[in-house]
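Structures for review follow.
Two complexes are shown next, each including chain A; its partner changes from chain B in the first to chain C in the second.
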Partner chain A sequence: MNRRLLAGLALLGLLVLLACLGALTVDLDDARPLSADVAQPPSWDNPLGTDTAGRDLAAVLVVGTLLTAKVGLLAGLIGIAVGTTLAFLAAYHGGWVDRVISFAVDVLLTVPGLLVLVVIASAWPGQMTTTLMALVIALLAWREPTRQIRAQVLVMREAGYVRMARLSGQGSLAIIFQEMMPNLMPYLGAALVSSVSAAILASVGLEALGLGPRDEPTLGMTIYWMISEGAFLRGLWWWIVEPVTILVALFVGMYLVVIGLDEFANPRLRSLK
Partner chain B sequence: MSVLEIDNLHVGYELAAGTLSAVRDLSLSLAAGERLGLVGESGSGKTTTALAVMGLLRAPGRVLGGQIRLDGQDLVGLDDRAFAALRLARVAYVPQGAMNALNPVLRVSDSITHALRDHGAPADANRIADLLAQVGLGADVARRFPHELSGGMKQRVCIAIAISLGPRLIIADEPTSALDVVTQKQVMATLRQAQDRLGSAMILIGHDMGLMAQCVDRVAVMRDGLLVEEGPVRRVFHAPEAPYTAELIRSVPVIGQDRRAGTAAPAAAADLLRFDGVEMRYGKSLFGPPPAPALHKLDLVLPDAPRILSIVGQSGSGKTTIGSIALGLLAPSAGRVLWRGQPLAATPPQTFRREVQAVFQDPYSTFNPFYRVAHALSVPLRRFGLATGDAARALMEESCRAVGLDPSLLDRFAHQLSGGQRQRLMVARALMLRPRLLVADEPVSMVDASMRAAILDLLVDLRDRYGISVLYITHDLATAWRVGDDILVLERGHVVEQGDPDQVLRAPSHQYTRLLLDSIPMPDPDRPWSTAA
Partner chain C sequence: MFLLRLTKRLLLMLAVIFTAASLNFLLPKLAPKDPIETKLLELTETGGALTDMKGLVEAYRAKFGLDRPLAEQYLSYIKDTASLDLGQSIAFYPARVTDLVGRALPWTIGLLLTSTLIAFALGTVLGALLAWEGAPRLLGLLAPGVMVLAALPYYLLGLVLIYVFAFSWRLLPLGGGFEMTAIPGLRWDFVLDILRHSLLPAASIVLASVGTWALAMRGMMVTVQGEDYMAYAEANGLSVQRRFFSYGLRNALLPQVTGLALHIGYIAAGSVLVERVFQYPGLGNLLFAAIQQNDYFVIYGVVFILVVMIAVLMLLVDMLYPLLDPRVRR
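Now for the complex of A and B:
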């Protein structure tokens, strides 16, 4: 086990633990506006303070972390599932299928993602939900996984054991799922985490621009309200520090896990130690 | 005065579990102009010794004792800068994989210039042309990139760099193991000439006793980090002292000795496999002429009787293409392939798959690293509906014993087995499925010399005891002669000669066959070989 992977898993585990503890001890209904006095610093009643709409920030952060994780996981999983499927189609089938898929990925990778997401997301003004947003983000989340996994499959397809499997009478599906997939697992794990990480970044970006779900207190929406209500000018420090700390912990944790898994999946990095 | 003196050298790898000795009590000395062959199988410590001489041991590897003196100067304990100044200038290295030794983005002239400039030597066009001329390359090669050169040319460029500063000692680490026999002979001749001209000493590292007999003055045999035997090449080959040395010499196949031919095929036998005018072209070009065919109108018949057909050729001759077509992994561009009288396309895939099996060249990639090696044997049993569960296990263990392997190896992972063990397992796998034809594509070229004969004998066993025909694909005429009932010599996709190996190889009618024959290194120090290039 390597230290980066452990540190990353510990950081993410801590966030999950805090969210679970919070869900048990805090009344989550207090995440709605007008649940408490407005703009109060941390106190006994509201241990993390309240915002200008009277939301209890402790409840907001617990709900927000879970909602943000939901958006990231949903979009990331769809991205990896679609990406892996396309990658295997392209690399294993080859020919024109490969050319079409690779061309689409090459072209779409040059498109600035957030710009497209802004255009698409603004088609639902005021009706955005976290699920819808995850789907919108998933529209572009398959590009990197497709390219990366295609390259891995291309290498693996020429491996001696794949040729041997064909001689053993295994069909394409058996070769993909029994021979190639197990060797791809650490790599898929790393790709999933980086895909989730990219999806969360995209969701926070959309929300900070005000295109997020107005009725759901995600971490990104908390940032949006905090900016638009002038928390900086009014010196409401707790409203700024708390969501930013959680986002930083989330991203650093996922980054460490990706680096750690990469070392696991890539023997060349392992031997450099 | 000796150029290199090694006294009681001890090199070890310091691991958490303790120190692992790679080389112990090694003493050697080498005079100017002398060629020493350092022979051993994988893990014998020969390359570790070379790395220690050049100061290239990486942690956790370390010189734990002894002395290495170059022209009287002790090298043990020198710092990295002193070693960097010494390398190339006084000790030059010719690497094993010339394919990867040259920087792909540098022209040949730049590669040479960099090496010279690092040591403060002048590098102008004349000097570079002169160096290239010394290794038999034209001045135009200087402007080319590595990918524009053949393997032999790249290795010559590496030699040109190695001799550029007139080193006292040249260390060549299996310089020709990636080259075919014809190129190997030319490159070795170039290396010897360059070394003779400089008067420097040379260490040739390798595992091929045949090559040693043809190239060096003295031989040192290493095994498990210890020096087993050392002496003048004629003495070692004519009267080896250590049994291990004798075993290594015996393992070199020689044409004319110990043939394992089978019985003649019945005249009326039907065809097992037939190629009718098979052609293969790789790739298509939109513009310009079509690519040259890898196989040119090939006819081939394998009778339905246990036979071994040896297909011999240099790299690029199309021999592996024949194997892939016979396995049904590749469809020919033109012509017909008949399996037991039926077109291949009309044969039911599951039947054909079971009847034609293979052993491939690279024993390191043929096992899926994720599974224990039993997986590779149990999958075909299940797929072809032959056996499952305990019955499958019993079959697997039985065939392991048949090839001389301990059945408990089945529960290991591939990286825990040696190359020879993996190839034996592959033969066991083929044996278990009782195919009618086995395609063996260079099955021993990546296996240690002492294991080669045993694996080739297994192929003969398949034929004689189990009635399996074998398509033995190789670049090595001697082994082709040893096991083959018929032989087919390929040159650039054309069959230049075919027939009974005794006739073809003892009285070759085609000059290409003669060229191949002359290029084989043989364990006979008195045969003129690399001097007559």
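Now for the complex of A and C:
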């Protein structure tokens, strides 16, 4: 077990634990505006203080962490599912299928994702919701996984055990699911975590720019309200410190898990320590 | 060889720019109700003060309206965009989008270029030293901190920096491009004022991206150090500096430059958010203001110009390549 993976898992585990404990002890309805006095510092009634709209920040942060995780997981899972499918199509099939998919990925990877998402999200006529935002982000979330997993499948396709399976007459699907998938798991794990991390990054970015769901207190919306309502000028330190701390822990945790899994999957990286 | 590569890259750049422009045209059309027209009509009905809004609606209808075939609208749109006519702002009608973008662009380019160059240079040298056996041990202690910073989005680190240096210690301004009371001009104190305001935004980009470059460079440098020519250089008794810079760093630099070209989009998107957090008067802040006011033409204009800027920067980095690698010059 390597230290980075362990530290990352510990950080993320701590966040999950805090969210669960919070969900049990805090009244989550207080995440709505006007459920407490406005702009109060931490006190007995509101242990993490309140914001300028009268939301109880303890409730906001619990709900926000869960909602942000939901957006990240949904978009990340779709990205990995689509990415893995495309990667296998490209690498296993080869030929023009591979060329088309690889070209599309190469071109799309040079396009700044956040800007495309800004255009898409701003053209949406109705209310933004977290589910919708996850779907919008998923539109571009498959690019990285496709590229990474395709490279792995290309290498794996020539591995001894895959050739052996082919020679012994196994079908393509059987080879993919019985021989390659189990060996791909560490890569898929790392790809999933980095995909979730990228989706959360994109969602918080969209929200900070004011394209997020205004009725749902995600972590990014908390940052948005905090900046828009001038928390710095008003000296509302708790409103700044709390969401930033959670986001920092979230991003560092996911980063450590990604590096850790990479090390686990690529033994060659271990010598670089 | 190089000319062919350059032509290919130029074509790719034009394709990316063209796609971005087309997207801006098509997306509002795909929505069930044209969001721009809805917004404009809403404004004419409610905004008594904006009497001239009718003119904008007419202009929009004439340009994008349903009375003309889609292909024709599209052609005229692309023609306008190619001549950098990005339409007029809805919120600041009749201000032209091109002027608004033009005013913000120098701020963005200044912040983006300086901080990226500093981060790239620092990170590359740091990464090379991390893999170099003779490097001071102290650097090794720096590494974990720099790596953890690389995990953070720029704007998040920006918020931390504002909190520490501007909010708690009050050493630097909370945001903005210059003091509200300052009179712009080419004077020493005004330049200093601008520098003071750009320090934190630039620092958040530099600190958050140094680790990325260092990590990539360390990996490359490890590989390069295993090459035969490194052993040969040592056997020939070349000095440590010569081996480090001319033999090690120089060769490990090539993939690093490719990385720079690939990362420009990511860095630009990140710095848009940094500008928003610091209320820095660049494109990011303009984009934010436009989103707040549903100012569609400004949103599309800013995104389009950013895409063009990124594409041009990528091309420039790509053209650096033959300067570094004699093999591609042929």
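Rule of thumb we're sticking to: the second predicted complex is superposed on the first by the 268 of 273 C-alpha atoms of A that agree within 3 Å, B and C clash if a C-alpha of one lies under 4 Å from a C-alpha of the other, contacts with A are read in each partner's own complex, and residues count from 1 in each chain.
The rule we apply is simple: a residue touches a chain if its C-beta (ideal position, glycine included) is under 8 Å from a C-beta of that chain, and two chains touch if they have at least 3 such contacts.
These numbers were taken from a predicted model, which means no experiment stands behind them.
In the superposed model, A:Trp237 makes contact with chain C only, not with chain B. Of the two partner chains, neither chain B nor chain C is touched by A:Leu139.
Touch criterion met: A:Gly169 reaches chain B, while chain C stays clear of it.
Of the two partners chain B and chain C, it is C that touches the larger number of chain A residues.
Looking at the shared chain after the overlay, A:Ile223 reaches chain C, while chain B stays out of its contact range. Looking at the shared chain after the overlay, A:Leu256 reaches chain C, while chain B stays out of its contact range. Within the complex, the chain A residues that touch chain C are 107, 109-116, 118-120, 122-125, 201, 204-205, 208-211, 223, 227, 232-233, 235, 237, 240-241, 244, 247-248, 251-252, 254-256, 259, 271-272. On the chain C side of its complex with chain A, the touching residues are 12, 15-16, 19-20, 23-24, 27-28, 30-33, 35, 38, 147-148, 150-153, 155-156, 159-160, 162-163, 166-167, 174-175, 218-219, 222, 262, 265-266, 268-269, 272-273, 276-277, 287-288, 291-292, 294, 296, 299-300, 303, 306-307, 310-311, 314. Those residues of chain A that touch chain B in the shared complex are 159-161, 163-170, 178-179, 182-183. Within the complex formed with chain A, the residues of chain B that make contact are 327, 329, 350, 353-354, 356-358, 360, 362, 364-371, 376, 379-380, 383-384.
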